[in-house]
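By letter and in written order, the chains are A, B, C and D; residue numbering begins at 1 in each of them.
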Amino acid sequence: MKIGVWLVGARGSVATTVVTGAAALRAGLAAPVGCVTAGADFAEAGLPPLDTLVFGGHDISSTPLPKRAEELSRAGVVPPPLADLVRHELEAADAEIRPGLASGVPREDETQAALAQALIRDITDFRDRLGLARVVVIHVASTEPPVAPHPAHQSLEALTAALETPGAAVLPPSSLYAYAALSAGCSYIDFTPSTGAWLPALDELANARAVPYAGRDAKTGETLLKTALAPMFAARALAVRSWSGTNLLGGGDGATLADPAAGESKKISKERALPAILGYAVEGQTHIDNVAHLGDWKTAWDHITFEGFLGVRMSMQFTWQGCDSALAAPLVLDLARLLARAHERGHAGAVEELGFFFKDPVATDEHRLQVQYDLLRAWAGKLA
Amino acid sequence: MKIGVWLVGARGSVATTVVTGAAALRAGLAAPVGCVTAGADFAEAGLPPLDTLVFGGHDISSTPLPKRAEELSRAGVVPPPLADLVRHELEAADAEIRPGLASGVPREDETQAALAQALIRDITDFRDRLGLARVVVIHVASTEPPVAPHPAHQSLEALTAALETPGAAVLPPSSLYAYAALSAGCSYIDFTPSTGAWLPALDELANARAVPYAGRDAKTGETLLKTALAPMFAARALAVRSWSGTNLLGGGDGATLADPAAGESKKISKERALPAILGYAVEGQTHIDNVAHLGDWKTAWDHITFEGFLGVRMSMQFTWQGCDSALAAPLVLDLARLLARAHERGHAGAVEELGFFFKDPVATDEHRLQVQYDLLRAWAGKLA
Amino acid sequence: MKIGVWLVGARGSVATTVVTGAAALRAGLAAPVGCVTAGADFAEAGLPPLDTLVFGGHDISSTPLPKRAEELSRAGVVPPPLADLVRHELEAADAEIRPGLASGVPREDETQAALAQALIRDITDFRDRLGLARVVVIHVASTEPPVAPHPAHQSLEALTAALETPGAAVLPPSSLYAYAALSAGCSYIDFTPSTGAWLPALDELANARAVPYAGRDAKTGETLLKTALAPMFAARALAVRSWSGTNLLGGGDGATLADPAAGESKKISKERALPAILGYAVEGQTHIDNVAHLGDWKTAWDHITFEGFLGVRMSMQFTWQGCDSALAAPLVLDLARLLARAHERGHAGAVEELGFFFKDPVATDEHRLQVQYDLLRAWAGKLA
Amino acid sequence: MKIGVWLVGARGSVATTVVTGAAALRAGLAAPVGCVTAGADFAEAGLPPLDTLVFGGHDISSTPLPKRAEELSRAGVVPPPLADLVRHELEAADAEIRPGLASGVPREDETQAALAQALIRDITDFRDRLGLARVVVIHVASTEPPVAPHPAHQSLEALTAALETPGAAVLPPSSLYAYAALSAGCSYIDFTPSTGAWLPALDELANARAVPYAGRDAKTGETLLKTALAPMFAARALAVRSWSGTNLLGGGDGATLADPAAGESKKISKERALPAILGYAVEGQTHIDNVAHLGDWKTAWDHITFEGFLGVRMSMQFTWQGCDSALAAPLVLDLARLLARAHERGHAGAVEELGFFFKDPVATDEHRLQVQYDLLRAWAGKLA
């Protein structure tokens, strides 16, 4: 019984680390560090084992996975001999990558419905050809700008009609991928802050097709820390007055987010947690700077001021130096296993219990990391 | 219905901030920032209101509270006009302070039992004279060195006998205070890392007298952060490899902890949380430096290295700049209210549900801050 | 022999700290910490003693100095009893403050020449009425946006003509103040990144009137550190690859710089030092965030990546927590004393040897702090 | 014309990086980043070119250099393909390594003079066999504890006599190496905090043999920063009140310094700079922790409090993340070139102008980095 993992952005840093790492784990070349579902709390949940996962995906880049893995090796993300040792698996996955949609904007005489059909064919072909029980589609492509509101986003009926209008770009690429995934009866995960399935019409579609979906924007650094730390201030009744953050990163993600429009999407999802946890607004800006020299290594500095007893002013600051792809990849594997199982068990629509993984969790306002973990664990218990 | 709060170390920085702050809150001069029990989760727990609290205590210093409050005002712990505005309350509390035991070592012809009797008289006199429903004794005196094991610590019977030996110093001062408190039928809190009630014989005594006790060593800085952050690494299956800490502080506490023996007690209690949360040992030292220029403002720097997916090495660091007395004082008020209520409701012996407040919680190994908070809240619900 | 110090922005935080501090030093209530010219290297330079300084100035705010000093006292910039103790001197200085020019834009029927005449009258009246030997005009008003180039900026002749055009705003306010100061035969200092005397026409004027001027933008925090640290990388032949900075500050300056146009002036002057010291361009952005809760306390975080032997990548970061007005005020006094003496000794035009004090030093590209100090000391030796 | 570089501790991390790096530079595989003498300021000094350097040395370890280079490659100190590419040069240098003295303590019937003779023979044999014009001996072995004072340290005559006493351990190993080097007519550098040539008797020897020597303890991290930053506080008349430091490091050096006796030597040399630069004592401790997980990557955190105008308290902190061997190795090459040239030009005894390189510079109290650089440059000018 094989499970497909269809990566949108399949030649990106995250995706490459996912495929390399899954092969390394299968070959016993690495321990599942960073894999949440490898822990005892998930042993009884009936999750598909790692070696049942088969990879494919869409990308608009043509740099093959083995070459991407070598680049990541030179950058220190993948340990030196590994890329070589799993070359075969990288080639196999690369052979399952199909050209994606760069802009999603149809030609004058083309419709987005037709574009989506092509994507659906790629995914169902993958499923059928390889005899996969189920496919989880995971969006790990470059972050898009926030989408402009459109009436057709509000209902599946309106959307279906609008997609048939020649030349009309109703959905951004990430949402076209989500539409295709759900239409193909696949579960779907938005690992990025892009719009993806985050539209009423697509939520309707997921429920109609009885497939689960989750998102959005994996939390792996600054926001992860925010959701671990802010509950401390809340529980101790300390009044947070400012929370300022600067994120320095390079790599593909850094270059993408240097575009203010794409950066905006990331900032929006980064700024959800704090007011939700504290219950009040806090001043402070969040910067995302492209520092090419840092490559895939992100450095985040956060500075927090707060007031305590009798109005005394205090502060704290932290610096996080994480390798983004190494933090993200095991979560992709976790989410694939969890969503595949949820699909199998008949879950449909937004899975709010996966909020633990995301900056901007769908269908819930709970951002406290430990509480999210407890909810996840309880839910996993019910998947058994 | 008045409740007594008997502070051992009643003229210290923490105690002075407690008395000043309680008066300020009563007079509406300050909001209860930093007071956990002022939150909605505790509204139904039947806790005694702040204005029922009456203060007294033991100290070996004779500097009066109004003068200590002025010193704290100059140091920025207490906002400028406040010490003046509540001078009357400071004087009233100061009048209830009795000389404490400096070393607890009896003269050749004296017994520790007799020393304890004098302490008991001070406390019961306070209770009787002011018509207090209950008294909570809280140890906020200077940290003592760890105590040498003694057979008489193992049972109440052995202890009772040993205390009658002339010239014998069986208990350190903090434990004599605890012994006196429990013997007087008062609940007891060890806010410091000193031994206090942390002996089998005294646990037996608390149960025999049907009084609750809690401790030890309030967590207000580095350890508070550890117990907020370490669960994040655990939940994300990241492997913490080293956790190093440097604490810089001045003031009375800084001077006390500069003595390696006293510092040792603090380090022991600081080092509990990490292995308990992670489930494995982590290399790294914890330094406590006396930096007189910092006064009551503590700066803690922690540096953490961890491994993620495929063995990638990452790190984080934080700097915490807190005013220790301002962080501690509201917790003293919280604990006084909670333990007075627990006493009223018939709780006896160690209260493990108060672990949220402590570095080295009695009767439990749960150190995860959010889980501790959830346990506390649930327990408070049952106090109602 | 009295020396006048005419502060443009005389009711701002820096100016208020200057007047308060000068009075405190004169009264022996404080030591000259932070005063460069109080050191042995300047003892023989013939600088006017502090108690010969008399203060006045322009401002567009009407909040009196004693009130501003109380505000700074509450904010922790001025120690509590001081504002009261020097109240008399604050009132005296406040009586010498005249309304400034808000925008410098003349009415349709008015000329900038006429506006400047009014400023000149204020300054000369101050000098004549109080019998001052010399007046140093120091711009410590809110930072202005960068000025748009104008042909009349290129020569004194063109400028003189243009200022006579009714309704024309040829100069920004800071430059009108500089024009007035130099025209009145006063030396002039641009303590801010505003344009001030930084125009060929005004340089010509200073030389014509034989008065010295200096600037611009005092270095008191992040840039001060840059110019102390970057020479280390240069001397050790380490290759700096990125230098990113985030500045958090509140107060009047924070509010002003939150305006992107004004912030731009500050960023320009902040970005001079690095390429000048290193001799090559370095990637990295500089953020200036208004965090009201920080008040006059600035927190700057800088993150630097560099390459060493065999291309090894390393990094460093620092956090600076400074009280801006306390850092600036003694430098204002230093500059007043130094420029008054230079004027007395006949120096005319830009004084490049004062580069030690500035982010964007006039007439020189030397930014290395220690080298600047050595140049300053040597120059002071020649003032003797 | 070949120059010998005789490394005591020739198989350590620093030495291995030196030999690897010199070969890489010669082969054009790397640029001389981190090499001070590669800069324009040294172009005319007549320094021996890098490709005239020939390596040998003493060590008590038998792990061959090619293997050590591979270890450093895995640790990220040496870029992956390099160790392989220069394998031949590593083997050649390894063939010139002779067994060193582990403790320097002679057997009952042996004298330290005899031990020294064996060392001298190793060095002169190296020089003669390879026809070297000169040899520079550089101590890069594990740090020793501070030496106990001994009367024979005070004069060459007393020392010569004492060394002849059978069984007597008058000199620690580092000083025996220095004695051997100077006796053999070689110049000598103490790159570590060990005693080395730092004894009156050995200074006398250096002068008698007309050879130059320099030291001690290369500054490459925390102390380098101290000597860049402390002059800033001094020049700005800011009063430093505390300077606390924590150094985390692993590798061989970390393991050695975990021994309190060896750590003591390092702390002594680290603590020289601050009082020398500031002119007053500053409170604060310096910790050196062995954190094995960090390997050769040192993390230093320094926290500084200072007072400014009107007593306002401010602070700064920095975190330095450096690769120690990569920082040290180019300085070894610089020092070898500079001292070989000084020897050629007839310099004898302590070379104070090399203070730029050291934490505890011989024969001078000047610690300000920029001033040291200016002295070095001026001296290099005279070598021409």
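Definition applied: contacts are C-beta pairs under 8 Å (C-beta built on N, C-alpha and C of every residue); 3 or more make two chains touch, one makes a residue touch a chain.
Molecules present, by chain and UniProt name: A, B, C, D = Myo-inositol-1-phosphate synthase.
Given the structure is predicted, the values throughout are model-derived calculations rather than measurements.
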Quick check: more C-beta contact pairs in A-D or A-C?
A-C
Same or different residue numbers at the chain A/chain B copy interface, by half rule
same
List the centre-to-centre spacing of chain A and chain C in whole Å, with centres computed as mean CA coordinates.
49
Using CA atom averages as chain centres, what separation in Å is found between chain A and chain B?
44
Indicate the residues of chain B shared as contacts by at least two other chains.
76, 315, 317, 319
Under the touch definition given earlier, write down the residues of chain C that touch chain A in their complex.
241-242, 244, 246, 248, 283-285, 287, 289, 291-294, 299, 301, 303, 305, 313, 315, 317, 319
Okay, in this complex, where on chain C does chain D touch?
17, 20-21, 24, 30, 32-36, 38-39, 76-79, 82, 224-225, 228-229, 231-232, 235-239, 307-312, 314-323, 326-327, 329-330, 356, 368-371, 373
Listed in rising order, the residues of chain B that touch chain C in the complex are 74, 76, 80, 319
